[in-house]
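Both complexes below contain chain A, partnered by chain B and then by chain C.
Now for the complex of A and B:
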């Protein structure tokens, strides 16, 4: 009889994935960490500069703006993208005729290209765009609202776009979670006199709590890595005077070009990694608890 | 040193893969054998790669197909593979090609990207291999590829462009402005912008742009010190210019979009007839006939305000080409007077970078139409057009200056602070 299972068999099975992980995730991560202590440029070698890039981070006023914008993005996006998709999922879950169309409509922004969607939003929000034009025509406003040139308005326009685009994705997660909530619990609560709001807080929310935590953490991490929305709506300078940049935005602008500062951009990447670490650790801990 | 470059290459890959990290791979740009000069009498044979920048399309493909076929016919046994790169991210693309020793044998480069290639030893010094270079090509074009502190010339001037001012006569007439006496200075432009603002109740504008480094250069501010080691354009005259822009913005003579938009934003507003002035190449009116046919008949041209900027494109040869003689011969073929003249016949509004073309009547004689007049204005402006002469100035510097000027125009800082910040940042970004 031929032995097909040897000690190395599992290793052969995981080898392709392991190679991909090492080449495309582990090595670049280690490399980025190493580069953050150098002054390497795109086309020139460099030398080790110790903590110079990190000291420069502390003095970079744009980084302070980027961190503030990131905090605002997280604080606004997390509650909105945790609760709104749940409410939509509850509505979309009802077995009504034609509801599949609504589910598709809500999911459509997820599959649409972020760039295409942002360009459409730019047309809508421009000083001479559809929204301002309509509001001025209707006499609601006299001067155009500076959605794309106001420091905070641009940020909130980008947040609105992120929320709109994320609704469908998280709705699908909630739809699957809602399917696991025992309908008898709702019936029992209704018999006890609980109204829809009470049933939502006492039955639905506890039933999908794990998914809510998962969604909140996923939203938090993606909000910290925001780039496309700000880049398209605010332009390559990150809004007026670069006031609406994000950390990823700064990484991109620092590393771009033939003389890109890879060392400094790496230090920014390490910083971004460090600030996304707590929510990621939270997610790992949460997953472990679920497994237990 | 090599270790750093391998690490740097790793960085590029992560940027591409993860969107926020850094990575890339490849060997040192200086590690392989670099050709210092080429024997142009050597027998031509083999295959080379030729790279253009955003020129493979319905308009230009027939020209390049014929150009390559002609060359291959003249030199049996040779083959030219043509590759074209998209408009966006060209500097990044060329950088990765240099890092990975895969720069095409013959490559179209603007002066700033060529400078990065020169610093890493990736480009051939053409002056060393071609003794007739100074007699064949225009001085201003060659100057853009001759760098302070570096011996030699690193590209053949290919096609050159400058700005012409374009005016929407409908908007000018509404403001009572004389279309035969158009502004030629910035102060005249602001005065005209006020008239447009007042006549249209602020609904239409004349100007819709922030100043850039070319405008600052036009004030007489030295962009860099004499040895090219420091930026020095934070002068009082430059600050006064930004003050004038800020005042014009605060007075409502410019739309709010100028604070965050770039040239394309200005062009879009002009095409929508919301703005009455823009700048472009001498071919703009002809292109408007297709892009904005109702606008085209209303547009007239005039010389650029203050100083006309010079925009150059060049053809470089890779210092590590395996067929240097063939690459050099093809670069000369692409940029000879006949082929450049045929090229600008397709790329209207530009002028060849050869001396022979400068006296060619086809570029200096108008057909009497506004489109023809504008083309001649562009051609006549070229000899006096000025380039920045600072290839160290890159996109990162330009974006930062743009941000600082926007903050000055909104009153968040003074114009002098904006310039000081931009100069300090640009100096800190200069390669040590």
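Now for the complex of A and C:
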């Protein structure tokens, strides 16, 4: 191909994006690692302290809770958000009058601000909120269930919000995958007398297996990065006993304030990176295969 | 046609009709789960002081609907000012992405130059980093630049998103090479080819990026929470967290605040959803 532009033209076009990339993505990736070995604060410090931040990580009881919560979050969210959106996508796949409206409505929770819907959840799950009020009125429970103050109940309240908010997003991923499943396979299975449940397991699931793996990885990574749900439902303290926290929650709480401990928050950031690295690497490999 | 066959066909048809009805029922159920909580909050935001929002037999429809809560919440915190701040951040990021990501995406897709592969690899590599893992260093940089506690500081790291550069690169790559060649023969220079051949072919992608950027800026929470302190500079999500966390005990006012954060974005989405679903499908798999 004949070169039809001056040598610097592409660089002019790339430069603004490249500057932002270097200053706000590449440099922070390296710098976070450096900062984790220092006692730097928002407005002061910067002395190298070796592994002191990492030693402190090991003794941080809140971090232990955060890691346990992350495991629970992943274990509960991955199966729920891998299968429920698939079932909804099956409902919303075949043509039907008004389907576009349903799809749009199913996507509302995804678009909605996490803070705003967490505020709604808080109102619904309050000791005097809709759910407790209704259950007490119906005589199912005597005293209010402490959805927002129980150590595990608060975590599961947050999980319920994450699942509710994620259904529509993963449904869309499944919709395009379902479109690629050969409808003749379903017909053949139906002729052979396979019922809907049988066909789900032996036709649909194998047909969208790759997307299921993709969704499971995406859910896993986002469960590891949870923040807003816990911050709004449990407040700045991380629930009554400070145990309803996540790794990102602790990054935020140690860096916040007039003179935040950025060094310690950086060590937590490195930890977050290491936790998410295996699923992220899987995802990258997965995308490369899709591209090929 | 045998009688047996006829019975079989009609039973298939009947079961098909039933399954359509069943599908509608299930779709309605999922729809109720999806918007139920939002509708309940909307109803609460419209309820007057006289109505008990905690009653054990609550009604979804407000008895005496009123917009008072939407003006009263603005007396507690400057919520409409917060919304304006969110729009400001979104506007900066939309302009930044439309200019910067488009130019970079075009150069990476259509222009040959030394280092192109390397630069493409750099953009790609940042996708494996969870955003939350680098915010501390980003925050330090913003403070050092003197942009702490400012809307520019909130907008700057997202001014040109790597994912948008990659999406646009893909969109430009999809334009047939012959179009460019023909334009070169006609004597068009690179800027003319960019403006008159490439851009009109990626309008769909630009629309998607605009919508996604707006939603991202409007809903973002952790980053503005870290950067902003002054009560007059908060974005809407941070202001809403502040409203419900501190001193306002009236759920009607908090509900009004939540609706101010929800209604604009849901309306925008409902209007533009056609472009949107295409974009999300592409973007999520690639990103």
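Here are some notes:
Just so it is clear, the second predicted complex is superposed on the first by the 268 of 292 C-alpha atoms of A that agree within 3 Å, B and C clash if a C-alpha of one lies under 4 Å from a C-alpha of the other, contacts with A are read in each partner's own complex, and residues count from 1 in each chain.
Definition applied: contacts are C-beta pairs under 8 Å (C-beta built on N, C-alpha and C of every residue); 3 or more make two chains touch, one makes a residue touch a chain.
Just so it is clear, the model here is predicted, and its values are computed rather than measured.
Partners chain B and chain C, once the complexes are superposed on chain A, run into each other and clash. Contacts of A:108 after superposition: chain C is touched, whereas chain B is not reached. When the two complexes are overlaid on their common chain A, residue A:39 makes contact with chain B while staying clear of chain C.
In the superposition on chain A, A:54 makes contact with neither chain B nor chain C.
After overlaying the two complexes on the shared chain, residue contacts for A:31 are found with chain B and with chain C alike. Within the superposed three-chain model, A:200 lies out of touch with both chain B and chain C [touch as defined at top]. Number of chain A residues touched is higher for C, counting chain B against chain C. Of the two partner chains, neither chain B nor chain C is touched by A:83. In the overlay built on the shared chain, the residue A:265 is in contact with chain B and with chain C. In the superposition on chain A, contact is made by A:248 with both chain B and chain C.
When both complexes are overlaid on chain A, the residue A:156 reaches neither chain B nor chain C. Here chain C runs into chain B after the superposition, and of 132-140, 168-176 or 258-266 the stretch doing so is 132-140. According to the touch criterion, the shared surface of chain A, contacted by chain B in one complex and chain C in the other, consists of residues 24, 27-29, 31-32, 35, 40, 42-43, 126, 128, 225, 227, 235-236, 248, 251-252, 255-256, 262, 265-266, 269, 272.
Those residues of chain A whose C-beta lies close enough to touch chain B in the complex are 24, 27-29, 31-32, 34-35, 38-47, 126-128, 144, 146, 148-149, 225, 227, 234-242, 247-248, 251-262, 265-266, 269, 272. On chain B, the positions that touch chain A within their shared complex are 1-2, 4-5, 7-8, 10-15, 17-23, 28-29, 89, 91-92, 94-95, 98-99, 112-113, 115-117, 119-120, 122, 255-257, 259-262, 272, 274, 392, 394-396, 399-400, 402-404, 406-407, 410, 412, 429, 431-432.
Within the complex formed with chain C, the residues of chain A that make contact are 1-5, 7, 9-14, 16-18, 20-21, 23-29, 31-32, 35, 40, 42-43, 88, 91-92, 96, 99-100, 102-109, 111-117, 119-124, 126, 128-130, 133-134, 136-137, 164, 167-169, 172-173, 175-176, 214, 218, 221, 224-225, 227-228, 231-232, 235-236, 248, 251-252, 255-256, 262, 265-266, 269-270, 272-273, 276-277, 280-281, 283-284, 287, 290. Contact residues of chain C toward chain A in the complex are 20, 23-24, 26-27, 30-31, 33-35, 37-38, 40-41, 44, 54-58, 99-101, 103-104, 106-108, 111-113, 116, 119, 122-123, 125-130, 132-141, 143, 156-157, 159-160, 162, 165, 184, 189-190, 215, 218-219, 221-222, 225-226, 236-238, 240-241, 244-245, 251, 254-255, 257-258, 261-262, 265-266, 269-270, 273, 277, 280-281, 284-286.
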